[in-house]
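These are the structures, in structure tokens.
Here come two complexes built around chain A, the first alongside chain B, the second alongside chain C.
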Partner chain A sequence: MVVGVSVVSAVAGDVAVLWGALLGAVLAAGLAWVGAARTWSDAAILVVAGATGLAVVWSVLDNREGVIDMAESLQAAVGWLVVGAGFAYVLWRNDKGLGWPAALAAAAAWAVAGFAVLEWATAIGFLNDLRPFEVEAGELQVLDGSFYAWTGGLTSSLGVAAGFSLRVGTPALAAVSGALAVTLFGANKIAFSIGELFKQFGRFGELAEQFWPPQWTWSEFTGEAPELHILDPMIETIQIAVVGATLGCLIAIPVAFMASRPTTYNGPVYWLSRTTMNVLRTVPDLFWGIIFVTAVGAGSPFAGALAMVMFSMTIMAKLFSETVDTIDLGPLEAARASGARQSQVIQTGAMPQVLPNYVAYALYIFELNIRASVVIGLVGAGGIGLELNKQRSFFQWDRVMAIVLVIFVAVILIELLSIYIRRRLV
Partner chain B sequence: MIKIRGLSVVYPGGLRALNNVDLDIADGEFVVIVGLSGAGKSTLLRAVNGLVPITEGSVQVSGREVAGASAKELREIRSGIGLIFQTFNLVNRSRVINNVLMGRLSKVPRWRSLLGMWPPEDVELAMQGLERVDIVDKAYVRADNLSGGQQQRVGIARALAQEPSVLLADEPVASLDPVTSHMVMRDLQRINRDLGITTLINLHFLDLARAYGKRLIGLRGGELVYDGDIADVSDEVFRQIYGRAITPDDLLEGASA
Partner chain C sequence: MSTATKTRPTRPRASGYIKWGITAAILIPFIWGVLGLEINPSRIWDAIKPGGQVWTLIGAMFPPDFDKVGRTFEKILESLYVAWIGTIIGALFSFPLAFLAATNMAPRWVSTPVRAVLSGIRAFPELVLAIMFIPALGLGPYPGALAIGVHSIGTLGKLSSEVIEGIDEGPLEAIKAAGGTRMQVIRMGVLPQAMPNILAYWIYRFEINIRASAVLGVIGAGGVGNELVQRLVRREMPAAGTVLILTVATVLVIDTISGAVRRRIVSGQPGTGPAAKLGSFFTRREPVVDGA
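Entry: the complex of A and B
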């Protein structure tokens, strides 16, 4: 092994190969420890694969001009593929039970992970500091040692995790490492950068000063005395929530019964109500707000209430129908056997079984409504959201803080009320 | 009067639960039906009030044809037939009186049952039913606070509240202990005698069948294999119906026998 390393390093003469050889040695030791590698030839294969792989990666990085672009990341991934191939080969030769698809997947995992990590490193600016004219062909560029530590470590763990999960037969690890790879890739794409976050932190501190102390009263028009303008919109929001929750939950009852197997009238009714419910449920609450504001007019709490009705109805119908699906069918059969009509069967056989659940859902939906009606206020559906948006657009942060505090208190109070009612009902 | 001709019931999936059954039951009779599990006892009972779809044949109850009846006709037929279940099928969260009033659902207008505004005559009738099974003191108790035997008596009261002409009982005592089982069987016997309601009971305890039955019907493999007076029934007849020797499992008092 030592011979191999010195030969390789004599030929290439640079640091990357040494790091690669070290990576291979670490892998060999780890695999040996868990019994997936047994002989010196296994170790040799891993060391060579590591050295070669990282040499490829290095050659890409060496030849770049400034920031690494995706094509170069892909090329570097080939290097990681070499490492992965060595890793997979060792796994496979020591456990012939490991099928070649699994081995291929382990090798591929290395390549994918290597690619993702390189993209990530670019995004967080690890490699941005080398500007084009600083990269000189042929000259030995020793990148930051921490770069190798970071990417090497991360890539290794991802690849190892994938390989092991296949070896041991628990796909969970492979799934986790797959998820990590996807996350890194996505983070790169949305420019999620921790470094950037730290840079902005200072600015946030300056901004925080403008929020405090909160300003409770202000003048709407010039010459007007400062007044408490928060209370009325908050009450309006609560009223919107109450109306929305009540009407929505009431309408949801027949819809839910029609959309549940035990209580529905017949096949077509079942499919129609279930499909309608599922389609309507996908509409986000903000969108309901926009629809009704367009229909009814901005600044109108009526629009807000209508939006909340739809919002509540869809949630209650889904929750309630799932509960009704699980009821005991016995009382329903008994009611049917006495000659009752379907509506009576539902009323006396099904409803008493699910009433406590209904009440619990209704209270929960009411809480949701409070928060949702603040949000739709932002699109002009009335209530305190409208006021919040107005003050935000004037950059009156101290008034915004006051409004936020009022909303916070209101939500807490309603939550306490809801807990109290629920306890009394049980 | 129950008239069954050529009754066959085939479930979707191909299971032939009943095959060409012919049966006549006069008004006021007390009939016990025995047979192995799966012999078709429950299917036969549920065919009488149309809870299972009738594939072939005819079932007439008090002159009305069940096979092929419309939904409205079925409701009318069912309102005159009371069904008692092995698992009681009460609404656990409701009070006993509300459970019994479920028997009146077909007799009152929809709005009354929807709002829970039962006419006083119906409430009185329900109370009378509870009294007949000796459980009227529990009228305002929640149904799941009762014992098994008490719950079954509520089930009987619910069936009685319909003022039915036919009473069907599907293994009414299978979930009860021996003492309570005897009480329930005696109640059913008494109701049949005092009110003259035609009664059909599925049993799988043979000693109960012999103790309380008057006319015995044996089903095996979906077919009628015995129909006669209980006095004429010997162990040999039971063996014929069951297709095997009697075991202690077939007797209520089997463990102690």
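Entry: the complex of A and C
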């Protein structure tokens, strides 16, 4: 374990070469995909070019602070030229018909793009504003590699687009380059970097010691005998889930019939219920928790139950109304023809058709509720989440571990139970 | 079903025993929960009656404070980035794993352990993963993205492997018979069949991850959840209203667009919704003449 960690961190020390090799490998895979690279030596050329080129770029950008000047941008562009040259050479040697001007153009596109992006990023102060959140000194340094990944990544996508479009011009290519650019931009914005993960790898081992072994019993106040503080909140969580699922699924029945064409001919009612449900469904579970905790008071499982009612109701109404949409209209017509009221039509014509689905959905929602009611506890809506949040804020990781294990077992058990019931019913 | 033999269906008769059993199975846990949580009608009525606690809160949120739109939008974008990066991690890692987990692609001794790993990953909610990542990686969106990514590997791996298992074996055999290598079988036989559905699952996962990343903010993993909590804790209700409205609007827009994209990918036909019309404007092609 220790050996593995140290090997990884040693390699990650020069993360540029890793990135370059990775880039080369991706390019090789991409070119092989479109049939523009055919042999292992093609792949080797690309990997070596990637690693060398990015090492050059890295040597320019490593430990940089402040503004990057024109000369440095040009030096970095040389690195990209190396990558681009490798790329272009492989293109050319596999497809002589492509012609060396096209290959040269691809290489130049890389270098120009690398230079331009760096200049542009510097001009808008992008590189100076790399830390989107404050970190304590020495706690977690945002790796400089993140801006480097960003500039490199965008150039790569531009270069790949430029080079590939000489060979295959498809919209898919534009989509892939776009996705790549968004990924790298986003990764930079949230300071995501793989190098950082490698660097912090050792800390996971350190942390494991704090998380393990789990501490099952502890005393709430000093001088008290240690007790089990996990079971009661877990039961409360299950109660929240039960009450929320039952009430939510009940309320969802009339709502679903209102939001479904076969049972609701009234236009305004149909559209209003449908739109309301669509809007309410976008509210994440935890937001319901926060809202109800603020409304009816923190620390009360009552708030949690209300949140779960809303959460279950919105999902159930969606699933159930979709089922009602697909029912056979015959029985409804028959009921109507024999003079039934709307409620009787639904009761005798629609309900028997959708009841099995309803039960299956209800069980599914109960499962969802167990997870969700754990989560909403974190904002003070009662249950095991509340306890989890408390121990987390005291950095009692061994207790956190015990709570997590209890949640894990409870979730699995309830899932198994629900699968068993569903199998018996269907 | 032939119509000749159709007779009047007999009403299926559920025995009273089963009926009461089911009623009890629903009612008893419900009553147990209601008693345990000390819920009573007057408390519910206090919360939801006109002018009750919930309406007071909603009243306090309106009119929303639109001065905070810029800041809120930044936070929403951060949540979107977290969801996107998480989805990309999930997609990249689940893709090869899905092939290893599919019983028609990998031998049993490979697929069984890979499946076990995937379901093990899936059992940990994003939030629990984030709680474990935060002490190692610090507060902020980074551990959130990682948690979402890891969880997505589990879910996407399972869904993708099911898609791969459901493909038609015919083209695969044809490629093998023509001397295709294993990679060529995957490239020409499996992917054209499986990729649309897998891609649709990736996009669907992105929708789910947006909600998950909004939630992760609450424990300090960046994004809009933290913003909402901060506003509510400081009792800045109009600002909290802004956060809620903007979040709901963003999720609604993205759900609509990605839903249309998914339908387009899976069916191969443009849909009829507004987003699909917008999409077809960009991807419009010349009509293909049959038999040309």
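The working rule: the second predicted complex is superposed on the first by the 241 of 426 C-alpha atoms of A that agree within 3 Å, B and C clash if a C-alpha of one lies under 4 Å from a C-alpha of the other, contacts with A are read in each partner's own complex, and residues count from 1 in each chain.
By our rule, contacts are C-beta pairs under 8 Å (C-beta built on N, C-alpha and C of every residue); 3 or more make two chains touch, one makes a residue touch a chain.
What you see is a predicted model; the values in this text were computed from it and never measured.
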Partner chain in contact with A:V379 - chain B first, chain C second, else both or neither: second
Contacts of A:T282 with chain B and chain C, given as first, second, both or neither: second
Partner chain in contact with A:Q344 - chain B first, chain C second, else both or neither: first
Residue contacts with chain A in the superposition, chain B compared against chain C: C
Which of chain B and chain C A:T222 touches, first, second, both or neither: neither
Contacts of A:N266 with chain B and chain C, given as first, second, both or neither: neither
First, second, both or neither for A:Q353, with chain B first and chain C second: first
Footprint overlap on chain A, where chain B in one structure and chain C in the other make contact: none
Parts of chain B lying in touch with chain A, wherever the complex brings them together: 49, 51, 74-83, 85, 87-94, 98, 102-103, 105-106, 110, 113-114, 155, 158-159, 162
Interfacial residue positions of chain A with respect to chain B in the complex: 328, 330-331, 333-341, 343-344, 347-349, 352-353, 355-356
Interfacial residue positions of chain C with respect to chain A in the complex: 26, 29-30, 32-34, 36-39, 43-44, 46-47, 53-54, 56-57, 77-78, 80-82, 84-85, 88, 123-125, 127-128, 131-132, 135-142, 144-146, 187, 211-212, 214-215, 218-219, 222, 225, 228-229, 232, 244, 247-248, 251-252, 255, 283
Interface residues, chain A side, partner chain C - complex: 33, 132-133, 135, 139-140, 171, 179, 182-183, 185-187, 189-192, 196-197, 200, 203-204, 207, 210-211, 235-236, 238-240, 242-243, 246, 278-279, 282-287, 290-292, 294-296, 301-302, 305-306, 371, 374-375, 378-379, 382, 388-389, 392, 395, 397, 400, 404, 407-408, 411-412
